[in-house]
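Structure in structure tokens, see below.
Chains here go by letter, A, B, C and D, matching the order in which they are written, and residues are numbered from 1 within each.
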């Protein structure tokens, strides 16, 4: 069951071009990898959706790309500050896969460290747009890493069952290569729990709420 | 004072706990035919509010009656059905098909409906003819003479008013200067709307004395009290539910032991009413 | 892009330096007879805006023409005269008495004037008949079909539009739950209005292609650019002048070398226009 | 000429029930006693009007009564924070008086310390609503002080030329006792420089802008 709690920031670390935000876990469940939390972004009206990146008994950690006012406000938090956190939300990855391959593009690597922990060390491939962004691969030590102009899709062996998260063009490419792949999508979200109908995406030709049906969807 | 959700701001089936924390659940507006809604992106944040261009996404009357309504009844929460359409007959047919619910809210302010006073009154009259259920007319504040519209729907048989719907608004992407919403414009809700909502409730209460469900930017107990002082009997939470699903409970705590019956209408006592 | 003040938000005679930092000075609305305005308090702050119920305080046409106008001319700033009244003849008589100014802005959205499209068009037509000066019709966004109003005033001979005037709003005193303003309701201006202003400019530009003076919640260069992208040729600063009399200079610095001609109308390119 | 500058807070001190806010003076002129400044109130849309209380070559100081969100935000400032300050504004006290008597009620004592300095030690009488409020009299050391239920008007000798600031009922009482007294009034102000017409008050039967005609007006 998702809960909403006011949690304290326990750490804020730069990881290459990204930021790892650690919160004390309180009574929040980490949920299934690929599920997400809505984090209060100080000074903004709406919370922001973030995938859980790491979970420990005492902490939940989120990997952030500061792309706008909400993520910037979250990256500017300081230890001791408190924000409301609501989750876990949505449907995560199915973990009953025999030959998993984790595929991440850019900030799409965010859910993979927690996913890897829960799967017990699956192979992973990551693509980044610069060396600086690629430093975040340190959070997934055994991953194979490419930097643009090389694309992460070059590293995908279709013999594996792919669990992927990344920018839309990457997910479309993965879907085309690997039917049955589990893909974690993004959409603008106001609520994260089915209330606003803002996160509509085309699922099999119908507009559906990504926060309810996803964010992880199976490639057709 | 009953605390409700604003139509389109909660799905009781995906969040039954939130629905049960309210004194009534208001459905998203139901239209005769199913609607997918507009293309995404259909939400955007503004400095002090949000925009939506959901476009009345809903399963349509038949599927709502057959599938959603029976499930909603099981929640045990009083149900308000928001009814939409494009001509008076659309509304009336849906009203005629409904019974055994707390109230019907006629969404007279959806962007594709002509909102002139006549037409709003016509819709209310058509619905009044086919149902004995309490009929609330939901209006937008975007009218040069809101009291005229309120009086017209009252004369046509509305039992109450729901105020306010969103205002037309727009937000641009900082780099491209293109609209953030695929549809261009959308409905502005949230804190920016609160002063407008207070004025609309104040005007319409003075004009009609009908029971009013007040809404628009409510985020805290204080906002509920202000709406009640302006003449709202009941209050609905909209945008705040997106950031805080626990808002119904919190808002009740914040109201505390303020005597809302005593507060009711106090904003009419001293000031020259402006209607 | 000319940067102006919004009518009623600057007195060039008490603050000539601020007026000279603009590309034109817009007077407070002038009515045929002198008006003291409403009883105080007539301003209130809201969470993200302010309310005013000044009530068109002004010295009246005769004293304006005899005393203020000659002094204003000495400033050397292009003058826009805001004209108000209660019936079309009020406006037309004032317009007829004016010459040798940059433009006339017809305040068609003051709370005591019937704002229906007909009447606005009637006023514009009456003024058009008596003056060759550029006529800007100033509208409020509080209309269910703003594009209709814009087309009507364009057809009646308006050369341009000024958008937007304030929205009806209200604020209550936290302890007493009485209105803060003596008049009860007032006009909402400031940041809360910005998304509404963008949508109104966007709608009216699409409907008429007339030159538009955009305003409503402008506080920074970014807001000017957004209005221009929606279709405003010129932009006016209102509420921001109260907190920052240096805003005209600052806003120009913030706009920097953004090419406003290139930005003009970009918000119309991708989105389905919603009018 | 009024200027608008971003100034640093140099000190924030509690003085009885009030707060003395010190700002570094920069290029701001202190102006005539009874003139006022518009101070940016962090987080609020509109600035707040405050009379200058003390002036030194390096500082301007304001005495504040925290009665609402704006004055509360100003009292919560910390040294080093910066706010915009605009002034001096309006018309202050005429200083060409032969037998001045300064009369202050509550926070209305704010302009009197600077006024006393400029007049060269004039007698002063102050009224407060409680002993705690009366501690602010320390800013005007030689003043005679009464606390409610006694009223400051009891101490006024009509032989003096009164310069007064305080709550409206007090000013009306002073006006009735001392025609010709100089009274500093208050009104809600959005701009402080004649732009908004919000500060209208009845002056000799006509609504006038207090920020332009006043705030100091002569009692009829």
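To be clear about the criterion, contacts are C-beta pairs under 8 Å (C-beta built on N, C-alpha and C of every residue); 3 or more make two chains touch, one makes a residue touch a chain.
Remember, predicted model here, so these are calculated numbers, not experimental data.
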Contacts common to subunit A and subunit D (chain labels): none
Centre distance in Å when subunit B and subunit C are each reduced to the mean of their C-alpha atoms: 30
Rounded Å distance, subunit A centre to subunit B centre (Cα mean): 35
Distance from the mean Cα position of subunit D to that of subunit B, given in whole angstrom: 47
Interface hub residues of subunit A, defined as touching at least two other chains: none
Multi-chain contact sites of subunit B, meaning residues that touch two or more partners: 46, 48-49, 191
Pairwise touch network: line, ring, star, complete, or other: line
All touching chain pairs, where touch follows the definition stated at the start: A-B, B-C, C-D
Subunit C contact footprint on subunit B (complex, rising order): 46-49, 51, 111, 114-116, 140-146, 167-172, 174, 176-179, 181-185, 188, 191-196, 198-200, 202-203, 222, 225-226, 229-230, 263, 266-267, 269-274
Touching residues (chain side subunit C, partner subunit D) in the complex: 8-11, 14-15, 18, 28, 36-37, 40-46, 48-50, 52, 54, 57, 190-191, 239, 241-246
Subunit A residues touching subunit B - in the complex, by the definition given at the top: 4, 38, 40, 44-47, 70, 84, 86, 187-191, 193-201, 206-207, 212
